[in-house]
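Here the chain labels run A, B, C and D in written order, and each chain numbers its own residues starting at 1.
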Amino acid sequence: MNKQITATLLAECPDQPGIIAKVTDFLAKKNANIVDLEQHVDVADQHFFMRVEWQLSDTDVNRELLEKEFSEYVGSVLKMNWSIAYSNLKPRLAIFVSQHGHCLFDILSRYQAGEWNVDVPLIISNHKNYQSSAENAGIDFHYIPINADNKQQQESTQLALLAEHRIDTIVLARYMQILSANFIDHYPHQIINIHHSFLPAFPGAKPYHSAHERGVKIIGATSHYVTTELDAGPIIEQDIVRIRHNDHVEDLKRKGQDNEKIVLSRAIRHHLQNEVLVYKNRCIVFD
Amino acid sequence: MNKQITATLLAECPDQPGIIAKVTDFLAKKNANIVDLEQHVDVADQHFFMRVEWQLSDTDVNRELLEKEFSEYVGSVLKMNWSIAYSNLKPRLAIFVSQHGHCLFDILSRYQAGEWNVDVPLIISNHKNYQSSAENAGIDFHYIPINADNKQQQESTQLALLAEHRIDTIVLARYMQILSANFIDHYPHQIINIHHSFLPAFPGAKPYHSAHERGVKIIGATSHYVTTELDAGPIIEQDIVRIRHNDHVEDLKRKGQDNEKIVLSRAIRHHLQNEVLVYKNRCIVFD
Amino acid sequence: MNKQITATLLAECPDQPGIIAKVTDFLAKKNANIVDLEQHVDVADQHFFMRVEWQLSDTDVNRELLEKEFSEYVGSVLKMNWSIAYSNLKPRLAIFVSQHGHCLFDILSRYQAGEWNVDVPLIISNHKNYQSSAENAGIDFHYIPINADNKQQQESTQLALLAEHRIDTIVLARYMQILSANFIDHYPHQIINIHHSFLPAFPGAKPYHSAHERGVKIIGATSHYVTTELDAGPIIEQDIVRIRHNDHVEDLKRKGQDNEKIVLSRAIRHHLQNEVLVYKNRCIVFD
Amino acid sequence: MNKQITATLLAECPDQPGIIAKVTDFLAKKNANIVDLEQHVDVADQHFFMRVEWQLSDTDVNRELLEKEFSEYVGSVLKMNWSIAYSNLKPRLAIFVSQHGHCLFDILSRYQAGEWNVDVPLIISNHKNYQSSAENAGIDFHYIPINADNKQQQESTQLALLAEHRIDTIVLARYMQILSANFIDHYPHQIINIHHSFLPAFPGAKPYHSAHERGVKIIGATSHYVTTELDAGPIIEQDIVRIRHNDHVEDLKRKGQDNEKIVLSRAIRHHLQNEVLVYKNRCIVFD
């Protein structure tokens, strides 16, 4: 793959003629070589969405100037919400985990193989199970147990650690605690959760038990951004596994866990590649 | 395929040692050649389920005697609920349809190709759209419009037609009317519906609109037996289609309809092959 | 969906900076409202691919002038292969079928429901099985039996019928005859076939028998453009069905046929929507 | 799940009436509680296959006597090939790996979570990459580089290590060396490989490159028992991933690796659960 530095624009604005021409014309004048462009129009809402990735012609490009000019000549004219990410600035990710390790191990396997453009400096858990796994991977591990009495104080400790490690994105890798609204507000659309059902079916606790009781023929997993409404945030990725009449709840858990880890890792990748735009509690995923 | 006449036993009873031995020993003494046997134990409920299909050694076998002896030596001993179907007795099926024809055409295509062991003597609709399609296929078509005032009376007309045609099984091929509890009681676990969502997500009307609004990445279809609780009957078959961010509601409908017709036809086949046992609002499907 | 007339450009050329800007700038100056734009760069080949769909600002737009100007200001400058299709000019499609009717019935069901923007004036078959089905749908049916001796002459008859009906695209809906190179040359990348295997596995005859003998766990279907090399043309669409150890060859056929008809219909739709570009025997499908 | 010790019979013999009755009658007389029974008849070959799992009534059951009696009263009478496994005798597994770690990490994650009934005492590699991962998991690691000159000698070293660790099953977790026929003969149907294509498509080296060049729309992975014919052994499990026109070869590798590890782990589980019977180079998988 091309290892040249790229910039990625994510943008959305009211639909109108000439948006793509205006954006690509701006980039052409900067001698940018566009390597990927995707756009989407929500016809019902008359709203426009766009992702453009281009090679930076010069690694010393003045980013401040680039963004100032983009804002002036494109963004403000089109009433655009936009952001630009640069591939040489690695996002920093923290993992929260409880006692199920399958998602954590899957993430660590990819991290150690260099599959993603990311740094993972911090793992936080309310259990000690995975302390040595974290240490073997060279990642700071903090054991922060949570109960009804200490939750607010422990979240403050967590927030301080996240700030100290300059974390951009938090992954809840089967973290079995509900985050407070205050905590979530610090990381809007930057906390990625995996829920072990095909949402909106079976939100909340014990979805595999509910799936078994309802007698569904297929189980699912859903990765979404965390919002203050439980299991109702914008969905980034979902997938399913077919089950059979002879699968007990334990079989659903086992088959489901394979699905959970793949779905979560795909969602993380979409997020890290700047492929996700959130609009009206829905994710536009430019894959 | 083997065209010899077969008998199929569906049975369920409290789990206990020796059930299979008792059943297969009974059949061995009748010189039955078993061509398929599947069993399943619900460990949590300690309940046993079984499907056995065997070749009848003699087409003149005395069915009354066979069933009387089975009841005496096996069924009553094991406190079994059981039934035996014979492949030379074709089930008789009626189709109810409204204005969406994709499921109807899929069923008719299979019927005309002889894919299923079934007779389809009757189509009932609250619209006239598919009258000529029915007639081309040589099937009686009855136009029975429904409104709030005539519903009870029209259902009586429907029930009379079903009785007259000696119908065993009713397929609701996107029939957009809710059946009364009285009607349903006439055909317990013999009315097969297709719902255009991945139940229990999005029950009720307009599931594709709801799916689009929630921003799911996958849509589904569910075929189930109709019970008096709407969209909550035992699920026979489900399947899904992946969608993308650029799919509008109309695209969801189009992609979903392909899925609906395949799911419904698979469910009908399972039912006609005597592969489905209902227990506690769940279907055991011996596929 | 928007019923306004749209134009769709399909284009490919050597990759170079500024292609999108040049195309969209051209369209902006024509006051075209772009409703969809997708592009793709084959990095290894340094080749660029593009599909743009826009609303025609005026139904009386002078197409000759538009294409002349596009050629002059964009196409020739970028050394582009390109074509423009207009949504109010319906493609005309002919169906070739033999004795398996499942794909034919699926196409007719969609045609009668108005699912596609297409006219189907002609069905040709080497058997008489589906004459009445064609006639019920109001489509000309021609019985043209083929054997080793009459093949060249019968293909001439077919070509004359195709010309007479001004056919753009031919669908081989399980047509069990191999077309001559001469015939294929009349319709380059305009003949769509369905092969009942996951190509390149199991080309040629009896793929379900081969799949059963090899013991695969999944069977597939492949829709591709016909080229002179058997079952080796550019692939438009594929899909699969999982099978089990208890499926006999007859079960593979049955399950496979459901897959075949869906895969073929998806491929036809991609083709009719002008979503397919062929490059080096591969299809770029802008879905 | 039930932690009681179970025995599992795998058996195949020419089809004939009364097989199931004979087997289950034998077990009933031993007071065995059958927890699962699956059978399958290959109608074309007139051959019978069976898997029965039952709870041992007494952990001190005399296995030699049980098997002697089974052989005498059932096996020899029916000309059966059969074996019985006991759940309290853990299989011992060795992993062979080269430089791709995704399958290895997936296996280790499951091993450490106790997902399988297995011991993994040995990892062998022709590279040193995963020495510390093995050691962190408490598994013996042996670096055994292979080249054209030392292959025979190094295989002898491997065989000695396998014997020393009393290994039952070998998993080739993307091990990029071809085993000699002599080596394979030591472990008939006990060496499980993962091939990164949907076999029989794309056997041999670089299947993702071949898939990209052929323009397939779906890629696959295949886990099979190793035989002396390369990539042609009996298939245990397969699965697929859909790809898009904008996926480069590197994307195929990345998406494919997720699939490979899941397919391999499913195949290992089927093998460890004694769910696989090999017959005429096909696997009957009782799932």
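Criterion: contacts are C-beta pairs under 8 Å (C-beta built on N, C-alpha and C of every residue); 3 or more make two chains touch, one makes a residue touch a chain.
Predicted model, so just to flag it, every value in this text is computed and none were measured.
A.B. asks: From chain B, how many touching-chain steps at minimum until you land on chain D?
C.D. replies: The fewest touching-chain steps linking chain B to chain D number 1.
A.B. asks: Specify the chain most distant from chain C by Cα centroid.
C.D. replies: D
A.B. asks: Chain A and chain C are the same sequence; what rotation (0 to 180°, nearest 5) superposes their CA atoms?
C.D. replies: For the C-alpha superposition of chain A onto chain C, the angle is 180 degrees.
A.B. asks: Using CA atom averages as chain centres, what separation in Å is found between chain A and chain D?
C.D. replies: Those two chain centres are 36 Å apart.
A.B. asks: Please work out the Cα centroid separation of chain C and chain D, and write it as a whole number of Å.
C.D. replies: 41
A.B. asks: Mark out which residues of chain B touch at least two other chains, giving numbers and ranges.
C.D. replies: Residues 36, 43, 244, 246, 248, 287 of chain B touch two or more partner chains.
A.B. asks: Quick check: in the complex, which residue numbers of chain D touch chain B?
C.D. replies: Touching chain B from chain D are residues 1-2, 17-22, 24-25, 27-28, 31-39, 41, 43, 242.
A.B. asks: Which chain C residues qualify as touching chain D in the complex?
C.D. replies: On the chain C side, the touching residues are 40, 43-44, 49, 198-202, 213-218, 220, 234-235, 237-240, 244-246, 248-249, 281-287.
A.B. asks: Taking the touch rule as given, give the residues of chain C at its contact with chain B in the complex, in rising order.
C.D. replies: 1, 36, 101-102, 105-106, 108-109, 112-113, 115, 132, 136, 244, 246, 248, 250, 254, 258, 262, 265, 287
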